[in-house]
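Paired with chain B in one complex and with chain C in the other, chain A is shared by the two complexes that follow.
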Partner chain A sequence: MNHDYQKDISGCGLTGLISRKRRRIGGADIVKSLCLMTDRGNGLGAGYAAYGIYPEFKDFYAFHIMFDEPSVRWTLEEYLKNNYHIEKIEEIPTSPVKAIPIAPLLVRYFVTPLRDKMAGDIQEADFVVNTVMKVNSEIEGAYIFSSGKNMGAFKGVGNPRDIAEFFRIEEYEGWTWTAHTRFPTNTPGWWGGAHPFTLLDWSIVHNGEISSYGINKRYLEMFGYKLTLLTDTEVAAYMLDLLIRRQGLDIPSACLVLAAPFWKKIDSLPEGEREALTALRQTYGSALLNGPFSILFGHSKGLVGINDRIKLRPLVAATKDDVTYMASEESAIRAICPAPDKVWAPRAGDPVIVNLED
Partner chain B sequence: MLEINAGGMYYRDLNQKIRDAVNSGEKDITVRNVNGQYYIGDGLRGKSTITVEGVPGNDLAAFMDGPTLVIKANAQDNISNTMNTGKVVIHGNAGDVLGYGMRGGKLHILGDVGYRVGIHMKGVKKQSPTIVVGGTAGDFFGEYMAGGVLILLGLNNDGRPIVGDYLGTGMHGGVIYVRGEIDKNNCGAEVGILDLDDEDMKVLKESLTEYCKDMGLSLDEIMKKGFKKLIPVSLRPYGNLYAY
Partner chain C sequence: MFKSLAPPEYLATIDREKCIRCKRCIQNCGWGVYSWGGDKVLINTSKCVKCLRCYHYCPEEAIEIVDNPTRFKQNAYWGYNHLRNIKRQAETGGIPLTGMGSDLPYTILFDSLLIDACQVTNPSIDPLREPMELRTYLGKKPSSVEFEKGRDGKLKLKTKMPPQLKLSLPIIFSPMSFGSISLNAQKVLAIAAKECGILMNTGEGGLHEDLFPYRDNIIVQVASGRFGVNPDYLNAGVAVEIKIGQGAKPGIGGHLPGEKIPLEVARARMIPVGTDAISPAPQHDIYSIEDLRQLIYAIKEATNYKPVSVKIAAVHNVAAIASGIVRAGADIVYLDGFRGGTGAAPSIIRDHLGIPIEHAIAAVDDRLRQEGIRNEASIIAAGGIRSSADAAKAIALGADAVAIATAALITMGCTTCGKCYTGNCSWGITTQRPELTARLDPEVYAERLINLIHAWEHELKEILGALGINAIESLRGNRERLRGVGLDTQILDILGVKPAGR
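And now, the complex of A and B:
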């Protein structure tokens, strides 16, 4: 299949929630919240990501893999067995849904890299990233769409309700959830193109269009990332891995790279801050995400919501007790939290950063 | 008076019910348990008053021509798009892109609003649309404004800036009144900041009298603080933008 398209423009709706106290919340809430915004998408993609769902396998990388053809599975497993200890293999549990007559084969593997395969001083996470890149670009018809620990992405072509029923989302319990309904216009609505996009523990759901996709893609390729999923959002997931995990930026700094303040603002700041922000923009000019976006990114330690610098896509946040909610629409939050303690619209480019308590 | 329970109802069914009620001559409609239903009041005509309890969905009161919508909670994005006549009263905060291309009527908001409020607002023939915001506004307030009146009060702003950047950028008609001081650096190049004259005070007081009545606020309290007026003063401020 030829998926050689350059970018994606989409309407989309997103929602997410996090319990700072790591209280595991059933999937029913996030499904209800997303389903309120079903009409922001057009049925050509929906998905969910959850953290804390695999406590019994929390030390293993959970690979969720989709296969265009069942036979590809054996090629993939041969490669995997040569490089990983495989603790468990199982088909991802699904339920038959009328609206989803055709689905790829979906299998999950709980794995840990074999020590003797990790040459030199390569980090375990780098080894896993290399595997994801290799499989997605070299094993035709196999896509690793989730590769973190104690987390997972579940996504496909369908509307939010159908995808939730298909993947039995309501049976999972997690402390962080994100979800997305898609309205693709420039790329095919295929299973790999649904959100969330993930790499290791990073997961991204995105509403908007990353106009800088080409620049971001070339920059990421210099660091060995391969962009295979044909949708702009993919760059955001890999960019966070590059900035935060590999280059050691903290989350607020990474947000200042993705949605850098305008020079007009930087020039008006006191000297120290001005110099820091100038250095960040100059160093990471190719990591700037241009164009309209609202993004939620989940990771093993928390959840972040961020808008583009001039707020071209909506984002609303709310808190109630230990839970923070973020969504494209306030009503999507109120669908599951009718009386929040606080509701606000984050300013453009101003991230909402929520960290899990230890 | 007619009551509609919108709990869990799909927006098309809800809007059909409202439309049928208005068409059958119902003047006073209360819609309870609204949450996220889109397009409420869109294209509606007549003189009915529709009270909404709960947070309505996007694109409220688009192309509306006559009715009064009273929202008892926060509201979302894209309210009063190309609205012609009538009124929307929101007793909470509202989102982005309010009053886009608004041709007439009134939009009263008690709390804060988001980005691009009053964008492309115009007015047509003798109609002049008015938006009054009680709280603060984000960037691009009155962007490309061509007509009508925008009033920003900044009540209870807790020290936050009353308005964001790019105020009135691309403005070529209409007038913006802001209760407080304006930083010229936050304005579009074509915008002039002036003091109010007698005619301005007349327009302002007339609009605010109605606003205060809707919101239960005191006009005297509001008028204790001075206003500034913003109007376009330059015809082609970007004429050289791409010329060198």
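And now, the complex of A and C:
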């Protein structure tokens, strides 16, 4: 029964940073920033995503996969081998942490789709998305939690410091980082449920509870997405994938869908713009994320922060030289950047869009 | 005369002590219950329908209308209506008619659904302090839009948008023809629609010239009788509706007797005065979905591509039918549930054919999504919307907007007595008798209807606020925010709703 699901709800803290000049920054900063916001999590989930961490495999999709049972690994690898060239397989390096006595088996695969398996004129990205959807909904006990190129997500059940230690986050260097600590109010305990949530090179960390979840989910299902995680974050990630990758909207327009301007504002715009925004709302009404949220979404070309249309969740931004910081709390920024050039609170629905320099 | 073996339903009584013999009751009753006996008011209670017009206009509170205590022996199987109808049929050999929607105690799913509210983890929103958007656009939507950047860097639309009907809130008035209701009642609807930024619908009765000033708020209807249809009529409103069926009488045509066709009605319908206006059961040029497609496109050609709505009764296979209608090119699918009202229908049809609107919305919305065509048409849900809560539930199940008729008539004085088909409505609504219609002052009653719409608008905003959402599109199809109480697993599955507690 497609309606009979239990939605996953949580409060959270998030933080992110990006070097516009693609300067690779060690993981220590983001860990320190996240760990400051102790009140925003309850130790039931934390995670990190970083871009630019696999320069030696940058042309391969990096699949991070968790297995509930080690035996599932062989089923999954059988499937992967039939569809992908596998450049490298390795267990994701971890360190033992006292507070994390049990963890799923974590393996990463650097892969590229086999040409002859890509039927018709299917795009490579669609092929990978289909794989992620298929594995996550059909191979029980296997879960692909990261699938982009030269990027990766690391997440699990635990507090931010323990998860960082477990995944040896400080050993990675990336030009974009996002991180998340969770305060789930129901169904804790599954590693896949932690943030960041990723698809291809999209990664999302999200704070909030999307009150429009029901229709957002059904809207995405109309386009073939399978929502297996039942979290708001998953909705946000797939929505961006749909709007930007599949339907070709640019990032500012996609933000106008997720946090649509009010009709009152649209009505007051000059004709051309009014017509454009009216059409956008008419067409994408079911994609509006309504209810409190702040979201950071990273991608291969940059980082975006956005709030809901009446700003019911905090989001602070700051810049220092080539780095832009965004976090739930200003203190989380100042913990790693004590004297920013500029600090501001983005207005409701106004995205902060940072693009990497080429 | 042979006294009917069906005892009167109601007893009209006058307290003779209180009565001042002002004769207002005689004047007000459209049914002929009261007459003047020289020194007192005489009562023929068998004609009483309990519409309460006399009670309302009695200055001395002398009138009381009570349910006749003399009833057939109570029987849980052979109900009152069974006996009464059999006796009436034995006397007349005819089909007992009725008006309004079915009043039988079938399960009312609206009353088994409860709406969510926010606590702690997501904040509720105060509609008195924050913007709360109910604006709704009806019509075909593209699945994606394309833009080009203008020279000024601003967004410029590249996609050609299909025509849209703009509503200030997702409530419109259901079709009711001039003939089934009075011109004054139609004027009430038109004035209120204009004032509230919504739409009324002519029904199958043509368009009276007095309504021309309201054309921006009118949908014109084309039904099986094709009354009043010509190119000017098709272009007179903002959209055209093809009526295939009506919830109260699915599969049944209509029959407006010649006695109800005076000059004005005849002119609007373009038929001779005093002739019966018969709407056949099917449209005789639509025997299939491909025929419907031809009519949809013929109308689009004739109107320079205004939106076309197709109205159907909610029947068992409604999802597949609606899918076909969308693929045939309709911009709007209007679903009318079995509780929907009527001016006249055989009671056996009204009470036993069709399905409730709640099931129909869920089934149609699901099917259109499964087929990936939900954006191709808007869904209007009608057939027993009694309150803003019903409207909110219908929208959460998947409707874009709801249509109301009975609720609108109640603001004009209607008490749902169900005798619309007689043409004697004492409130001047479902009658063409000039002395009765004259009492329905369009300006005065429009004010009451506008009040109702505004009140529901406020209530919808409160509901959205409690749900923590500030735009109606976030409620539309958001079944996650509904819970069922006392419904079995299969019904919950059909509705796509979880049980309360989950």
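Definition applied: the second predicted complex is superposed on the first by the 347 of 358 C-alpha atoms of A that agree within 3 Å, B and C clash if a C-alpha of one lies under 4 Å from a C-alpha of the other, contacts with A are read in each partner's own complex, and residues count from 1 in each chain.
Following the convention adopted for this analysis, a contact is a pair of C-beta atoms (placed from the backbone, for glycine too) under 8 Å apart; a residue touches a chain by one contact, two chains touch by 3 or more.
Quick caveat, the model's predicted, so the values are computed rather than measured.
Is A:R347 contacted by the first partner chain B, the second partner chain C, both or neither?
first
Specify the partner with more touching residues on chain A, choosing between chain B and chain C.
Of the two chains, more chain A residues are contacted by C.
Return first, second, both or neither, reflecting whether A:S211 touches chain B, chain C, both chains, or no partner chain.
A:S211 sits against chain C, while chain B stays out of touch.
Looking at A:I310, would you say it contacts chain B, chain C, both, or neither? Reply first, second, both or neither.
Touch partners of A:I310: chain B and chain C.
Is A:K98 touching anything from chain B or chain C once the two structures are fitted on A? First, second, both or neither.
In the superposition, A:K98 touches no partner, neither chain B nor chain C.
Determine, under the contact definition given at the top, whether A:M37 touches first (chain B), second (chain C), both, or neither.
Touch status of A:M37: first partner only.
Of the two partner chains, chain B (first) and chain C (second), which one does A:R115 touch, if any: first, second, both, or neither?
It touches nothing on chain B or chain C.
Take the contacts of chain A with chain B and those with chain C, and give the residues found in both.
Of chain A, residues 310 contact chain B in one complex and chain C in the other.
Under the definition above, what is the set of chain B residues touching chain A in their complex?
Residue positions touching the partner: 11, 35-36, 38, 54-58, 74, 76-77, 93, 95-96, 112, 114-115, 138-140, 164, 185.
Using the touch definition from the top, list the residues of chain A that touch chain C in their complex.
1-4, 6-7, 9, 11, 185, 208-209, 211-215, 217-219, 221-223, 247-250, 253, 260, 262-264, 270, 272-273, 275-277, 279-286, 288, 290-292, 309-310, 312
Taking the touch rule as given, give the residues of chain C at its contact with chain A in the complex, in rising order.
Touching chain A from chain C are residues 118, 121-123, 125, 130-131, 133, 135, 137, 141-147, 150, 154-157, 159, 161, 164, 369, 372, 374-375, 467-471, 473-481, 492-493, 496-498, 502.
In the complex, go through chain A and note every residue touching chain B.
These residues of chain A touch chain B: 36-37, 39, 268, 310-311, 314, 316, 329-332, 334-335, 343, 345, 347-348.
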